[in-house]
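These notes open a run of structures that come right after.
Both complexes below contain subunit A, partnered by subunit B and then by subunit C.
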Partner chain A sequence: MPFRAGLEAVLIPLAALIFSMVLFGAVISLVGVDPLAVYALIYKGAFGTWFSWQNTLRQTAPLLLTALCVALPAQLGLVVIGGEGALVLGGLAAVAIALAVEGAPPVFVQFSMMLVGMTVGGLWIALAGVLRHYRGVNETISSLLLFYIAVAIMNHLVEGIMRDPASLNKPSTRHIGDANMIGAIPGMDVHWGLVFGVVACIVVYILIFHTTIGFSFRVVGGNLRAAKMAGLPVGRLIVISCFIAGGAAGLAGVFEIAAVHGQANASLIAKYGFTGILVAFIARHNPLAIIPVALLLGGIEASGGLLQRRLDLPDATKLVLQGIAFVVILASEALFGRIRFFQARPA
Partner chain B sequence: MEEVGLGWWGVPLAILAGAIRVSTPFLFVSLGECLTERSGRINLGLEGTLVMGAMSGYAVSYLTGSPWLGVVVAGFSGILFGALHGTICSLPKVNDIAVGIALMVLGTGIAFFLGKPFIQPKALHLPAIELGWWSASEQVRTALRINVLFLIGVVLVPALLWSFKNTRWGLVVRMAGDSADATLAMGYSVRLIRLVSTACGGFLAGVGGAFLSLYYPGSWNEGLSSGQGLMAVALVIFARWNPARCFYASLLFGGAGALGPALQSVGITASYYLFNAAPYVLTLAIMIFTSSPHRTLAGAPSELSVTK
Partner chain C sequence: MSSAIGIDIVGMTKRFGPLVALDHVTLKVAPGRVHALLGENGAGKSTLVKCVIGYYQADQGDLFLAGQRRKMLSPRDAHAVGIGMVYQHFTLVPNMTVAENLVMARASVPFKINWRREREKIDSFLQKTPFGVRLDDPVTDLAAGEKQKVEILKQLYLERRFLILDEPTSVLTPGEADEVLGILKDMATNGDITVLMITHKLREVSAFAERVAVLRSGRLVGEGDVSDLDVHDMASMMIGSRTLPTPVDREARAFPPTTSRQGLQIRGLSADDDAGAKALREVDLTVQAGEIVGIAGVSGNGQRELVETLAGQRNASGGKILVHGETYQATRREMAAKGVFCLPEEPLRNACVPAMSVAENLSLRAFDRRPLAWRQWWLRKGAIRQMARQQIARYNIKPPIPEMPIASLSGGNVQRAVLARELAPEVTLLVVANPCFGLDIVAVAEVRRALLEARNRGVSVLLVSEDLDEILELSDRVVVMFNGKLVYETPIEDADLAVIGRRMAGH
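== the complex of A and B ==
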């Protein structure tokens, strides 16, 4: 990428983010809260201390994976927004398999949780891809409907056959057992999902930009007719990309279970899948850019609690900030190619 | 009057009653989306508009004591969001589907943020018309207690149908949806037409939201809307961009939404959560059966990105 184009890809989203912070401050001051105090608290809650850093990194881990669920299909021109559904079902499947092979060595249990969780998540999003290609069903709407169906399936199973009779107020499945939990990265209170997320981003980056299949993905996204003329198996490519994407979100669900909750219940639906959409759009669907953006938004997620406690702001405050940032980022797309400084000079 | 139990007959009755009650927000959102999509743009953000309408309608009804003022304010908040969508989509290189998702997040975010103080208090509800006064059965009377907004929606259907066909505005909107080039050649501004259509669509979606909080379920909380705004978008595709079919489809979706609670009321609770997913499954099934990978749908505005 030429230097100036690279600068453009970094500076425009950055300027858009700063502008959204200003807009957010304006909204905040409407309800009589000092925006500067809010900025300071967000910084403190996100990156101020080692404790908040760890908190941020814990939030970052699932965001890396759910953002991939949006960014990879986006290479083919698909807008998949149902990653949360794959996360929920991936997590639920992980619990199911862990309870099924109870008593097996922990390494085996953890491995099967990942395998099954990723497969189930992958199949769930692949379904949206199949419907898109073979039935012409809009994947944005179908993937979101699949999220609601996934939640219904989870509620049905958690309130039904998978329910632990001991869970009274909050219906939950049985715990997978402390031995089977995936522990923390040595030296910090952050689970291994972070490492898996970063590795997944790098792997998907290589897949998209340095492999033949990744090139085919981008051809499909760039010009569908050209892809068909070139004889690319468009349907198969769509389904494969959706499967990998769903697998990433499913893995996020596995870590939510195996490293955080230990059992499936309503806490599994933490809307990481939806924040992941925003991460992917800010990163302009570049898997490497997802890493810093996920860290930033993970920080905002992590500071939500502090805002709630200190300034008595509702939990939805971060949703307002995310919504504003999302709108501004999309509007800033219009600036690309319009600012003369960023354009390559004619040789 | 003696209470008459209906037993199993209560199920179809409850579904019918539910269809009318649950369908009203679907009806308003789908009519609004129908208008927007006819002009050649898709607004997925109506889910956010719906929640915003529900919150602002409830808040205004609580603060002023007038639910109808709440409905109007809800509509205006919808116009605001519609206009925002229309404006951003007018910029070059901006994807209308992505902007819709962003506005979904923003709408729900602002609604939850500003609506926090209104979760507890009780606001005045919209009035309903008792069409079941003749019946001795409480169930029948409840079923036939029909909200005024539903009737307004029913009147809107032929009105919209007629205007699409017979008025200058209807023709211009359809032209913008079918060919931006032809519209430009006729000397109209495509952007302005789509902006106004999206804003008006937003108004209707906001009113639909006010129904949620001011009549059924009739309270404001953060779990009020669960994808109705989005299902309405799918519903418009199923209804082939025809307001009359939007009405039938809304009733169908309302009935599907009422299935779970209706079965629960006669004691079938085993698969409650699965029955609750009925509207989503129905939407998906309908989209699978009505879409085709080979041809664009009959009646689809040809400028629309989802059908291309």
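== the complex of A and C ==
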């Protein structure tokens, strides 16, 4: 990528983010709180201490994976926003398989959880791909509806046959057992999901830009007519990309279960799938750019608690910031190619 | 009607990165005349007029209007002083009527449109122009020539007095082109408008333009009165010291014994158009190895659907396609195994990924095979770049930068890139649609030569073209398509222009 174009891809989203922080500050001052204090607190809660760094990284892990669920189909021109559904079902499937093979060696249980969780998540989003290609159903709508169905399925099972009778006021499944839990990365209080997420981003980047199937994805996304003329199996490519994407979100669900909650219940629906959409859009669907962006938004997520405690701001404050950022980022897309500085100039 | 205006372009320079697209171009465009702008593909013609209209900002140089310096920061500034542009592709809203398109094009459309008053205005405006168009027809129903007339009419209705036309006739038949250009010339002679038109067709320049200017590699290399120049002079100004490729002869057909003689067989093929109406009606056609079959016809009679079905972009609703005697379903594997290639019209829209690089676009056919891929799944970027360098050199694609997004190439250079890709050595069946649209004279000669060479090698070529001269020059057999059917067929030796013309009109 030419230098100026690269700069454009970094600076425009960055400027948009800063602009949304300013807007957010304006909203905050309307509530009568000093925006500078809020910024300082966000920084402190996100990156101020080793403790908050770990907090941030724990939030980052699922965001990396759910952002991939958006960024990969985006290469084919698809806007998939239902990653949360794949996350929920992936997590639920992980619990189911862990309980089914109870007593097996932990490594085997953990491996099965990942395999099954990713497969179920993958199939869930692939369904949106199938509907899109073979029935012409808009994938944005269908993936969103599939999220609601996923939640209904989870509630049905968690309150029904999978319910642990001992869970009284918060219906939950049985715990998968402490031995089967995936532990923390040595030296920090952050689970292995972070490493898997970073590796997944790198792998997907390589997939998109260095393999023939990634090339096919980009051709389909860039011009469907040219893809057909080249004889590319468009339908199959759509379904495959959705399957991989759903697999990533499903893996996020597996870690939520196997590294955080240990059992499936309403806490599984933490909306990482939706924040992941924001991450992917700010990263302009570039898997490597997802890594720093997920860190940034993970930090904002992590600082929510501090804002609540210190300034008595509602937990929804961070949603306000995310909402503003999302709108501003989408609007800033229109700036690409319009700013003269970034256009090629005499060398 | 207000009177024509002229412009002076002085020392205009435009660079795209290291590339100098315009190099101190100074050109006087006097009012009330038809000016032609000539030049090879990538010479900078479009860039020059885009700088005039304010679509690009020139790096240096000035624009004078009636002696006054003007800065065009956007096309809106140019419109405000009466400069308008007609693009090569149509900009009309297809499912609105002609009248609606005219009203909606105005810079300020009122919130509530008083259609009766508008209608009266348009009617009285039409009286003053020599264009005969039906105001209530939806634009979709119009032929290409009529659409182009409406585009021009729209400019006049918006009171533009300086019209820039970028290859306005490339989508028109010679008859349509003559009509449109004739009207423009008369209006210019009347002093109503000034016309600056870009074209590759020297015949049109001789017939309709008064002044001609020639660009080569961004520089103005010649200008003069058309009356002083013949086609030959203009051609040599354009290409400089380069020479036109010598035409090849159509050799007597010698069939290579290994290929089956029936290259392409189409049996009862039907297909629908985008709106779901029948566009192809049980077409039967055979193209033998080493034969060029030309399909003549007025555009919109099913040619596009035929090409798209063969290219794999459209599903057939009935019938079948056989290639070398076997059923063909336009899968990637079949294309590669059987050597089926395609050169569709509007290559940037049909055969390229605009945002991807020239190198990536050149590898669209073979990226998943050796030598461009390792084990069918790993892209060998080095090999891709090297292949692209070779093709760029061989087909003289400019600028020679493999990493450049293909959308930033000039129209003719996009066409060359697709040509380079589709004329692969392994081709045995080539489906071609209007291959010379937008190409300069050198490139036209090269393309025709390449097609004949392919034929002489034993390739089956199906040539769909709206240019009858091209069909007559290249084909071994001519077929006429009308209303989705093949209605007439003749070997080239017996081809009679009058009969073909009548069959094209449906008689």
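Everything that follows uses one rule, which is that the second predicted complex is superposed on the first by the 345 of 347 C-alpha atoms of A that agree within 3 Å, B and C clash if a C-alpha of one lies under 4 Å from a C-alpha of the other, contacts with A are read in each partner's own complex, and residues count from 1 in each chain.
In the analysis below, a contact is a pair of C-beta atoms (placed from the backbone, for glycine too) under 8 Å apart; a residue touches a chain by one contact, two chains touch by 3 or more.
All values reported here derive from a predicted model rather than from experimental measurement.
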Subunit A residues touched by each partner, larger count belonging to subunit B or subunit C: B
Partner chain(s) touched by A:204 [first = subunit B, second = subunit C, both, neither]: neither
Touching partner for A:232 - first (subunit B), second (subunit C), both, neither: second
Partner chain(s) touched by A:94 [first = subunit B, second = subunit C, both, neither]: neither
Contacts of A:278 with subunit B and subunit C, given as first, second, both or neither: first
Partner chain in contact with A:223 - subunit B first, subunit C second, else both or neither: second
In the complex with subunit C, residue positions of subunit A that touch it: 2, 210-216, 218-219, 222-223, 225-226, 228-233, 340, 344-347
Partner subunit A, residues of subunit B touching it in the complex: 44, 48, 84, 88, 91-95, 97-99, 101-103, 105-114, 116, 222, 226-227, 230-231, 233-234, 237, 270-274, 276-277, 280-281, 283-284, 287-288, 291-294, 306
Of subunit A, residues touching subunit B in the complex: 27, 31, 79, 81, 131, 133-138, 140-142, 144-146, 148-149, 151-153, 155-156, 159-160, 274, 277-278, 281, 313-317, 319-324, 326-327, 329-331, 333-334, 336
Residues on subunit C engaged by subunit A in the complex (per definition of touch): 15-18, 57, 59, 311-313, 330-336, 342, 344, 349-356, 360, 364-365, 367-368, 373, 376-379, 381, 403
